[in-house]
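Structure incoming, see below.
Chain naming follows the written order as A, B, C, D and E, and within any one chain the residues start at number 1.
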Amino acid sequence: MMTGIEQFLADKGIYYLTFLLLSFGVYGIIACKNYMKKLICMNIMQVAAIVFFLSLGQKKGATIPVLIEGLTNADSYINPLTHALMLTAIVVSLGTTGVGLALLTRIREKFGSVEEDDIIRRQNKL
Amino acid sequence: MIQHYPALVVILPLCGAALSLALTKIHLHLGRNVIFLSMALSFYMSIMQLRNVVINGPMEYRFGGYAIPYSIEFRIDTVNGLVVAMVALMGLITAFYCISGEIRSEKLKVGGAYAVVALFVAGMLGNASSADAFNMYVFLEITALAAYCLIALGGNRGMVAAFRYMLVGTIAGTFYLLGVGILYSATGTLNMQDMSIIIQQGGKDEAVLVALCLMIAGLGIKSALFPFHGWQPSAHTHEERGSAALIAGVMVKIPVYMLFRFVYCVFGTNFKYMQQILIVLGIFVGIGMMYGSIRAIGQTNMKKLLAYSSITQTSYFMLGIVIGSPVALAGSLLHFIGDAFIKGGLFYCAGAIKYKFGTVNIDNFGRIYKKMPVTSALIVAGALSMIGIPPTVGFFSKWYIAMGAIQTGKYIFVILLIISSLLNAIYFFKIIEKIFMSKDKGLEDVRPVKKGELPWSMLVPMSVCIVVIFLLGFLNVKIINMVLPLLKGVGM
Amino acid sequence: MNMLAMEFRPLYAIFVPLIAAGLIYILGERIHQNIREAITLTAAALLMVVVYSMIPSVLAGNEIKLELFSIVRGVSFTLGTDPAGMIFACVASTLWLPTSIYSIGYMRGHHEKNQTGYYAAFAVCLAATMGLCFAANLVSFFMFFEILTIATYPLVTHYRDEEARKSGRKYLAYTLISGQIFFAGMVIIYVVSGSLDFVPGGYLTEAMLPGPWALLVFFMMIGAGIVKAGVMPLHSWLPAAMVAPTPVSALLHAVAVVKAGAFCTLRVILYVFGPKLARDCQGAVILAWMAVFTIVLSSLIAIRQDNLKARLAFSTIGQLSYIILGISILTPISTSGALYHIVAHAFMKITLFMVAGAIYVTTGKKNISEMVGIGKRMPVTMGAFALASFALAGFPFFAGFISKTNIIMGAIEAGQPMFVATLIVSALLAIAYLMPVVIIAFRNGHINPEFAQRGEAAPAMLVPLLIAVTLSIVFGVEPNAGLNLLEFALMAGKAVF
Amino acid sequence: MSPLIIEAILLLALIAITLAVIFNRDLLIVIITYCAFSFIAMFLYIVMSSPDVAFTEAVIGVISTIYFIITLRKIDRRCK
Amino acid sequence: MMRKVIGIIVIIVGLGYVFMSFDFLPVIGDSTAPAHTHVSDYYIENALRDTHSPNLVTAVLADYRGFDTLLETTVMFSAGVCAVMILGSKSHIRNRFLVPKKILKGKPEPGVSAYKTVNKDVMVTLIAIMILLYAIYVLLHGEVGPGGGFQAGALMALSYIVSMMIAPDTRPLFSLSKANAAALAGIGVFIYAFTGLLTVFNGGMFLEYGRLPFPVSNEYLHTIGIMLIEVGVTIGVMATIITILKAIIERVRFDDDRD
């Protein structure tokens, strides 16, 4: 009963959108001039990686990975391994954002601005 | 107790770092001494572990006691036994080196500095000994975070370099994570041993190809391979004086070791697209060797010069992977271990000169060999080894790489090897000329040192580096015999 | 015990100068000058004793083979004594003593700075040369070859001024580039043939290096030898190295570096490639013509040089190409002639350099044009100069004569009229660039006032001068005197073919 | 409306927010859109039926937004 | 502006082509894909027997791949230490580019409520306590329902943030200086590592909860083991978040008063 669109989405659509999100994140890191925006795009990129991992672990018609008395066979539960890995990835992204913001504060203090061209101009003066 | 060594080698520095901040509140140097103790113990254990692996075969350690594919596993064989021992030793002597850079004023800063170094070393130790794809990602992140902090501590220009490195490093980490994800979707496990068995069964070429490309991109960025080296020179020039040796000498090379582990142990060289990928990597490596040396010739800032020359050295290690014959792999591994001490040693010298005279510009190095004999001895030893003069380790690693290249008929790499070692000769003899011969600039000591050339905490790491450069030269046959049987099975 | 001691003799020969170098460098600043000089002299004497003690066993034909630890996987660090190695070792060790006495006189007379560095580097050079002589396979040979390059660098740049640095850079550029190419060739040979040990008569065959590969690897391997021996296209570092003080240029041109180049070519052609392969791949013929070209051209240039040391440098280039020519003719007699020429040239050239140094220290004159009538002031020195130049030109009863005749006989045997012609012509050219100096020295026309009264050079410089001249005469009259070097040369020649 | 289609819609919303972040001038709006981003991402995880990850994403999304706002106090809001 | 738009269109088209040609990724829904059949079905089937925690994610997270979570807490701890180290030192005024920041005149001093509503100081402590209560529930409930160390730690930190941000001048429930918070994070990590070391001293592999030295029957051992590491993780995460927060706030307020 999978309609044409769902079949396309399941096969390639979701992955395509995830990688699109990822590449926009990377594009944002490179294209944005403001360091704060770069940090936000970095977070978005990491969320895209997490979504990709989770979509790998999907099973059709399976419940959340908490054991229920009645159910024992493996097909009825979502793959728990990807969730465990992704908890790590989320916390890593928080850690990186924390360090990034600490750096940002010191850069703002030292160079007076967080725009890339101001920093490069003032950096050579130092 | 010995079968616990693989885990304890990584856990001890971790616990040392965790406790150091709390202990520093009790007494200024208690945290620091605990970290020294834990690093010394971990180095001792890595030596015992290496000895045990050489005697009775590879060791493996399953965390949590479950069967292989279901829990995380450390697999130590001669190759990464050597790498772990080297990282532990470099970590220990760098920690000693950081004593001179201590800021006595604030308790927090003292304990924190050593905690970051200990975490950095623990991350690299784990990276070298882990045999689980996702576990490597987390160790990569620990190393990266500690590296951002160490670069940022190197002064205000270090901040910008650290921030830029952080952005690029996170992109690299995400690429590696995607690669692991695709491998997981194709094979179902995260354990590399299990993964290679499933991949050898075949039928997964496309997924493995995409995963390999992503990993090469990710690990290439982390190890500043040629096309992705943008962040590296500025990072190495402005990083914190004490730990520059660790970052430039060791951290840049661990991702290349991981790439070796993936390309040769997980995918195996009979993988369909392997030859094309090795050709592409070969082009990167070739250009990288030339580019690094040429850019290094024109530099006047010693640290920037060493940063560019470490691009060449990383591509030497990649050269072994690209050539593919077991002898070349063994040679590039020997180069990896030797170069950590050479590059580390040279960064110690740059830091020492900056500590004593406050300058990093080569032009006013005039005739410092009278005041700093040990530093200039290490620079000469490093220079000889970079060029490849026999008693030092550089010659022997070049010998094995060249032999591997000729055996597989890839003569272009022998020519590249010769040209890049000559280019190295140019800028190293430029430094030697400045140190030994150019007129004395009469630099006066920025920081008064009681007696002798430098505080003992700097002299000890430097003399260890000199000894190891020559020691590895003499022991190279033992190391190669130790490593070769393992590579033979893997390589061809 | 005696057997064991005999066994490790080549190793002692290398360690004696090394230990001396270490002692000098570490204690140099602290101890008095004389004690430091004493260390060098005792080391020189000890080295002579060790090397001479090995002569009887080599004469008897049984060579000492000493296999130490394995230096590279599959190749071990082996030292061994064979006739060719013994010749070079004897020359180097015999000349170390007079040269160090001479350099004491020169350094003190000229009040040079950082003499400790000089003596230490000098001793390391000798250790490397000893290593070269006794190395029994290519890897250890290459190791000492590179150490020799690195050890001579501080000597060449002794004055630490801009010009010394420039010539040091040129010296390093030439030697390191050729060294690395030698390294590549060595690896190819090891991969192709599987062994790197020196075998008299060579062990490479046509099958191992098919077609053009043989010629390419041949020139890669002898490249290092040619550069150090100063064959024409690659010689320009040698005149530039004249900037160094005279005892250094004496060492460079007579005792160690240049001879090491010739020795390396000899080892590669005769002990690795073997005469048959060298002839088949036309390498030897090309090399011979390069040597001929060098002999003629360098003699012509030498004639025009006004600075005495420059003239002697170009004459060295010419004389060294004698040895290369002797080797590349590939006949037993010419090879032994070339080997003996190493001995002859060493003693003759060192005398000339010592004379040049003595003149410079006592009268401060560098150019030949200023030396009109110097014979009146320094008759003994200039007398020695005259004798040495006769020897160099190949007059009978001098060392040069014997080696030249052997090479000429070898050329005749090989049926190469052109080489015989060049050898004779070059003898005449030698006269052309040395005799004018002698004539100017003893002219009694208008002598400039300085040379009026007698004022010989300092005894510390004069005595080694005279020793060298007498030795060159002695080895001319009785080639097998004491060290029977000609005997070794003939033995080596027979062994190779 | 099968879960796949909902996922696709939410992903499209995320992409729209990323573009908004890239092209916006005022930093405060950027940070608020980022907070909406992590909120929608949490929804996406719920649709993908993974409660743990959704819970963590919600909490950590809030905390990183607070970090950004604190740092914003230091940085002026205009940006190129 | 135009350049950016062209860049984005190029990315969309490029990725489209790549995805049309490659089909290496498994179809999203099917449960026979290799990812599910090899390791994860083992986890689902005998998670209850091995680890006695119905919540499979916590089972995998804390027990099967417990080392990963230790490393992840170390990542948090190292982020906290790095933030403290970077922001620790007093910035020397001398060589700084002072860019005058416009102070909007007439705006009320931040923190004072512009209009008189319910007294927020009282409400804040109430909310904070409620969040703390919920955090402890999440921590202890980790094995059964969704929840666990990170969420609990983050919630505790949230309660601290709430009480500090909304009513900065009232004394928060527990006050942690930057240095103490970093030390506490270290202790959290050490608790985690120490449970592992306990199992090693007692003869098991690292983090093998069956070997914990407590005199309790086997399946409870696993639960205690998971509980211990969850506590360690919570302390670690909470302390790190507070460290980074305090480090940034100090610098923010420090600098603003100057301009």
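To be clear about the criterion, a residue touches a chain if its C-beta (ideal position, glycine included) is under 8 Å from a C-beta of that chain, and two chains touch if they have at least 3 such contacts.
Here the structure is a predicted model, which means the values were calculated and not measured.
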{"item": "Fewest hops from chain A to chain C - one hop per pair of touching chains", "value": "2"}
{"item": "Longest centre-to-centre distance from chain C, chain (CA-based)", "value": "D"}
{"item": "Pair joined by more contacting C-beta pairs (B-E or D-E)", "value": "B-E"}
{"item": "Chain closest to the middle, measuring from C-alpha centroids that were averaged per chain", "value": "B"}
{"item": "Chain A and chain D, separation of their C-alpha mean positions in angstrom", "value": "10"}
{"item": "Distance from chain D to chain B - Cα centre to Cα centre, in angstrom", "value": "37"}
{"item": "Distance between the centres, which are taken as Cα means, of chain D and chain C, whole angstrom", "value": "79"}
{"item": "Centre-of-Cα separation between chain E and chain A, whole angstrom", "value": "16"}
{"item": "Sites on chain D at which at least two other chains make contact", "value": "4, 19, 22, 50-52, 56, 60, 63, 67, 71, 74"}
{"item": "Two or more partner chains touched - positions in chain E", "value": "4, 8, 23, 25-26, 28-29, 35-36, 39-40, 43, 55, 57, 65, 68, 71-72, 75, 78-79, 82, 86, 95, 145-146, 148, 150, 241, 244, 248, 251-252, 255"}
{"item": "Touching two or more other chains - residues of chain C", "value": "none"}
{"item": "Each pair of chains that touches, named by its two labels", "value": "A-B, A-D, A-E, B-C, B-E, D-E"}
{"item": "Chain D residues touching chain A - in the complex, by the definition given at the top", "value": "2, 4-5, 7-8, 11-12, 14-15, 18-19, 21-22, 27, 30-31, 34, 37-38, 41, 44-45, 48-53, 56-57, 60, 63-64, 67-68, 71-72, 74-75, 79-80"}
{"item": "Chain D residues within the chain E interface of the complex", "value": "4, 19, 22-23, 50-52, 54-56, 59-60, 62-63, 66-67, 70-71, 73-74, 76"}
{"item": "Sites on chain A touched by chain E in the complex", "value": "9-12, 14-16, 19-20, 23-24, 27, 31, 55-60, 62, 64-67, 72, 74-75, 77, 79-85, 87-88, 90-92, 94-96, 98-99, 101-103, 105-106, 108-113, 122, 126"}
{"item": "Contacting residues of chain B [partner chain A, same complex]", "value": "134, 138, 141, 145, 148-149, 152, 156-157, 159-160, 162-163, 166-167, 170-171, 173-174, 177-178, 181, 184-185, 190"}
{"item": "Contact set on chain A toward chain B in their complex", "value": "22, 26, 29, 35, 38, 42, 45-46, 48-49, 52-53, 56, 81-82, 85, 88-89, 92, 95-96, 99-100, 103-104, 106-107, 110-111, 119, 123, 126"}
